[in-house]
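All remarks here apply to the structure that follows.
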Amino acid sequence: MRVGVLTGGGDCPGLNAVIRAVVRKGTQEYGHTFAGFRDGWRGPLRGDVRPLDIAAVRGILPRGGTVLGSSRTNPFQEEDGVRRIKETLAKEEVEALIAIGGEDTLGVAARLWEEHGIPCVGVPKTIDNDLSATDYTFGFDTAVGVATEAIDRLHTTAESHMRVLVVEVMGRHAGWIALHSGLAGGANVILIPEQRFDVEQVCAWIESRFRVRYAPIVVVAEGAMPQDGQMVLKDGSTDAFGHVRLSGVGEWLAKEIEARTGKEARTTVLGHTQRGGTPSAFDRWLATRFGLHAVDAVHARDFGSMVALRGTDIVRVPLAEATAQLKTVDPALYAEAGVFFG
Amino acid sequence: MRVGVLTGGGDCPGLNAVIRAVVRKGTQEYGHTFAGFRDGWRGPLRGDVRPLDIAAVRGILPRGGTVLGSSRTNPFQEEDGVRRIKETLAKEEVEALIAIGGEDTLGVAARLWEEHGIPCVGVPKTIDNDLSATDYTFGFDTAVGVATEAIDRLHTTAESHMRVLVVEVMGRHAGWIALHSGLAGGANVILIPEQRFDVEQVCAWIESRFRVRYAPIVVVAEGAMPQDGQMVLKDGSTDAFGHVRLSGVGEWLAKEIEARTGKEARTTVLGHTQRGGTPSAFDRWLATRFGLHAVDAVHARDFGSMVALRGTDIVRVPLAEATAQLKTVDPALYAEAGVFFG
Amino acid sequence: MRVGVLTGGGDCPGLNAVIRAVVRKGTQEYGHTFAGFRDGWRGPLRGDVRPLDIAAVRGILPRGGTVLGSSRTNPFQEEDGVRRIKETLAKEEVEALIAIGGEDTLGVAARLWEEHGIPCVGVPKTIDNDLSATDYTFGFDTAVGVATEAIDRLHTTAESHMRVLVVEVMGRHAGWIALHSGLAGGANVILIPEQRFDVEQVCAWIESRFRVRYAPIVVVAEGAMPQDGQMVLKDGSTDAFGHVRLSGVGEWLAKEIEARTGKEARTTVLGHTQRGGTPSAFDRWLATRFGLHAVDAVHARDFGSMVALRGTDIVRVPLAEATAQLKTVDPALYAEAGVFFG
Amino acid sequence: MRVGVLTGGGDCPGLNAVIRAVVRKGTQEYGHTFAGFRDGWRGPLRGDVRPLDIAAVRGILPRGGTVLGSSRTNPFQEEDGVRRIKETLAKEEVEALIAIGGEDTLGVAARLWEEHGIPCVGVPKTIDNDLSATDYTFGFDTAVGVATEAIDRLHTTAESHMRVLVVEVMGRHAGWIALHSGLAGGANVILIPEQRFDVEQVCAWIESRFRVRYAPIVVVAEGAMPQDGQMVLKDGSTDAFGHVRLSGVGEWLAKEIEARTGKEARTTVLGHTQRGGTPSAFDRWLATRFGLHAVDAVHARDFGSMVALRGTDIVRVPLAEATAQLKTVDPALYAEAGVFFG
């Protein structure tokens, strides 16, 4: 069988580990050959293919990013998108596709299979860990590790000085990175998108922390939002919102804390350092196993499925179901972390 | 309630994270107080107690080792052991014990509860990840990370030179560290205690690797053993066994490979670097959650139970059941990794 | 002899290594005893002393921060400052002081010795590496390491996507961290405080980088400034300056690049992660040797001196001279790096 | 000008950084072109050349090893070696050579220039830091960092248990890695090749360490040797020497300590992990500057010279002088570290 492989969406450590595992097992155990489509769905749309054999995947396991390139292109938003994909697959004699990506990329794969009979198998990828069908996605552990190491370094300053330290981490819609790195790093406040925060409560935690002679560390997900009305700057300027959008919630919160508590606050914005670089051992292990099982699913012609982690097992779930719902932080889990606040 | 806490057995990153979580939640949410018993079961045997309050656990989250000390003391092998423990608990007014440890420590806890009614809750700890009742134990991810980073560094030499590189990792009875780090590091051979290896097969993989112009990396668990008869030195000296015991299977294997393939081989023995130092973010998160749930179990008077990870949930399982069986590497899982050998 | 030790100014990895070396050698080789003054010059001003013996310095070598605490207190700005310090020294029977700090802390030490005969020896400390009398100061290598690791991780995104990545690093008056981490990380643009940058030139480098199909990484020191007139927001708002001060030059530059090139730009602000956490091996080695030689200087009664690194030797220089001039990046050195721009 | 580049001898992090800097500056500033010779001196001997332009060096800065390959081939030991090199240079129209390597590689370059007029410029490379003409060589800081991180992790076990921990590090003839990592890691004993050690003294230090309730960490360079007569196994077997050679001084010492002190001892052998993997920021900076200045030397036709670090400056020294003498650890420097022993 000739199998196409593509990676879509944002960067995520572990993509190359999936590709390598797919090609190694598919070639050696099943005798499949592979076509690497460049830049996500843009590859099959444009017929942009690169050879993908064992030599091509040598040495890529520990590398961040994706040797296939990526994009956010959606064939359903392109003229004649599905037809052009079918033409490419026919021309390249590709009989099945392995799509590695997040909600968008996998949603396309689900529709291509269900509505157009294009045989797809999905591998879930989101650094934010917000896909409901799998316990974890690769990339998440790496991001949590980067954020935790940053928080570790900030503790020194927290111990020596009387400053508030704010760390802005990734997570637009789900607070998993903030929650895990905040717990692992020993943060004194963790703010997540799932629950609007009360700046006054944040400041109360900060004051209580100072009373035991330590400075507080505040971990805030980029998508976390204060309660209604709190995001107005002291001077009432209507420029406020524009400004905040520009510099991010971390900067805004630091400024707000300074204004309310009189303490100096400093911000660290980790940005894309969380989604680049070499994957953690856990992420390489998970990505490798996802790759091995994805090529098994193709071999078993179990199309329309996605591989997923359940406990220590890799299972298959329907693609459509997998992308149906965002996995956000359970309020009970967030409450559990609350014992460490303040 | 006044609750005793102790840590038993070998070093494991995350012990301090458990202790901190127990004390933070127990004190703040339940109003418990804590007695820290020193050096595992030796503490309650000798009445060796240290105060354990929130101030005492400040800053210990990222530190390896255990602030309570540890030992392999077994009260059932000490004269009057159980009576002495009961006396200490009575004297210290301790109503329940949280025992953090591996098979031995938890086995004692199980018997103390079942046979003598001493209220115990267990927290599983083994760097080797070989406890069957839980998906993972803390410390394992850290060990796999250390080993993977070492393998990563060896790839450079593997690419540049024509040497065989042997890495000996921990795992006397179970090959989890070898399997996970070998997969994550891209090893060409992984040898585990669960399956006796054939040195000739190992050399065949090595030769096949050299044919694609790369040098092989061999990851071997310290408890891995060759097939019968293979561990005789070339010269037939009966000193062979004594020698091998001295220098470990890694050294032995390197020497054997040199003799059989004519290629130079070099050994790295990671030793205790795998079980010391700061825990990974995953291990801190897991250890923290184990601690939070252990103190919940005490509060719920659910004695004779142990906390365990199932998927992303922390559950409680009977202590007795938890320690009944060693969790070894499933042959199917080992076979899955075989696609990367050679 | 009884010797006082204090640490002043901002956080810097390696402070504890100096303290430990001073106490180990002073106690063991010279039979000195030590008084630890808390919080920089505030300690001798207020008579705030803690015991400092070998037990007190055990285990502190790898820890960031300072066990003595720090402050920016200047006794020359306090009423009766010098007299109060003399009283404390007399009361504590302290015959000499080792002051570990930057320009300000050492400037005070220089004046105390020269103007008031208080026997001081200095140890230079600045994460920015901007003291002219020494080749390097400890803390700098750690900061460069943190920044380089962040840049390494950003390369993944730079390779996969078409985004400009801006990293803001420390350095208000000197660009050493930006220069070294930018060179070590393979940045495409490095901007330092010593030379006002031309935003148009920056954008030209960015465009040229995109033409070879890679995204550019821009490292900017927090104190770097655009040429006159360039830091006006597009809309001409006079709020511009206030805004920029708030969110930092990194944020401002990213926005400016977006406006001028039409490319998306993302910012990472490393902040205090650069000056906390465990020191690098180099910094521990340098700080340890500074400590050993500082206590030698005290023993030799070579007061008014400061230890300094010259090549691989530790030498002594006059305190007054040491703090006279800021060591900024030599234009020739900056020009040397220019071959990698664009 | 067309310039050849080659790398010789053992692995060393930073080789690729040199190559990249040479090609970037040579191409962009001087308009030179480059020929990459494969596998050290074997390349020009066999005419094994690969193209080396800016595209070829993209992305190699952070990678360990060398994209040119390496070998220990010595043209003076090959039949007609010099003539064959001259032929290759003529055929490839190469007018100058940049040789990156240690004593052997640079010694060849010196003779080729002096005896045969082949225009060579040298770049010093030795992980052991034992070249006398330069303050540091790249690769050394990375090796020290790897060893220090290992020692850091062992402290946990040293604190929790009563075991002796022996770490064997690189250094056959010079103890720089042992000295720097031992100081940076807080080792209790450091043993170097420059000074034969007394096992009884080592055991005395170990016993003294145990008396303050901590377990000792012993760092031993692979080339360190006990005093005459001490390396005889207890049983007096003449196999002793052969055995010891096999398993290394670390294993031997651990066994000896166990026999003499009755304490358990465990060994970590870091092996090639010290010379592989990504270079530290310092090593990338140094290697990059070496590369920039080497191509300057070629452009200035300053043949027979080698670049070297003196303080923070890169200077040129005569190749012949540079390789004349091994730089070993100064006894005074080793004595300075002695304050931390025991």
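The letters A, B, C and D name the chains in turn, as written, and every chain counts its residues from 1.
By definition in this document, a contact is a pair of C-beta atoms (placed from the backbone, for glycine too) under 8 Å apart; a residue touches a chain by one contact, two chains touch by 3 or more.
Quantities reported herein were computed from a predicted structural model and do not represent experimental measurements.
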Smallest count of steps, each to a touching chain, taking chain A to chain D: 2
Taking each chain's C-alpha mean as its centre, the one farthest from chain A: D
Cα-centroid distance, chain A relative to chain C, in whole angstrom: 34
Length of the line joining the C-alpha centres of chain C and chain D, rounded to whole Å: 30
Rounded Å distance between chain B and chain C, as computed from the means of their C-alpha atoms: 40
Sites on chain A at which at least two other chains make contact: 152, 155, 159
Set of all touching chain pairs, with the criterion as stated earlier: A-B, A-C, B-D, C-D
For the chain D and chain C complex, residues of the former touching the latter: 24-25, 28-29, 58-59, 61-62, 135-136, 141, 144-145, 147-148, 152, 155, 159, 180-181, 183-186, 214, 278, 280-282, 284-285, 288-289, 292, 310-312, 336, 339-340
Sites on chain B touched by chain D in the complex: 10-11, 13, 63-66, 69-70, 146, 149-150, 152-157, 159-161, 163, 165, 239, 243, 246-247, 251, 255, 266-277
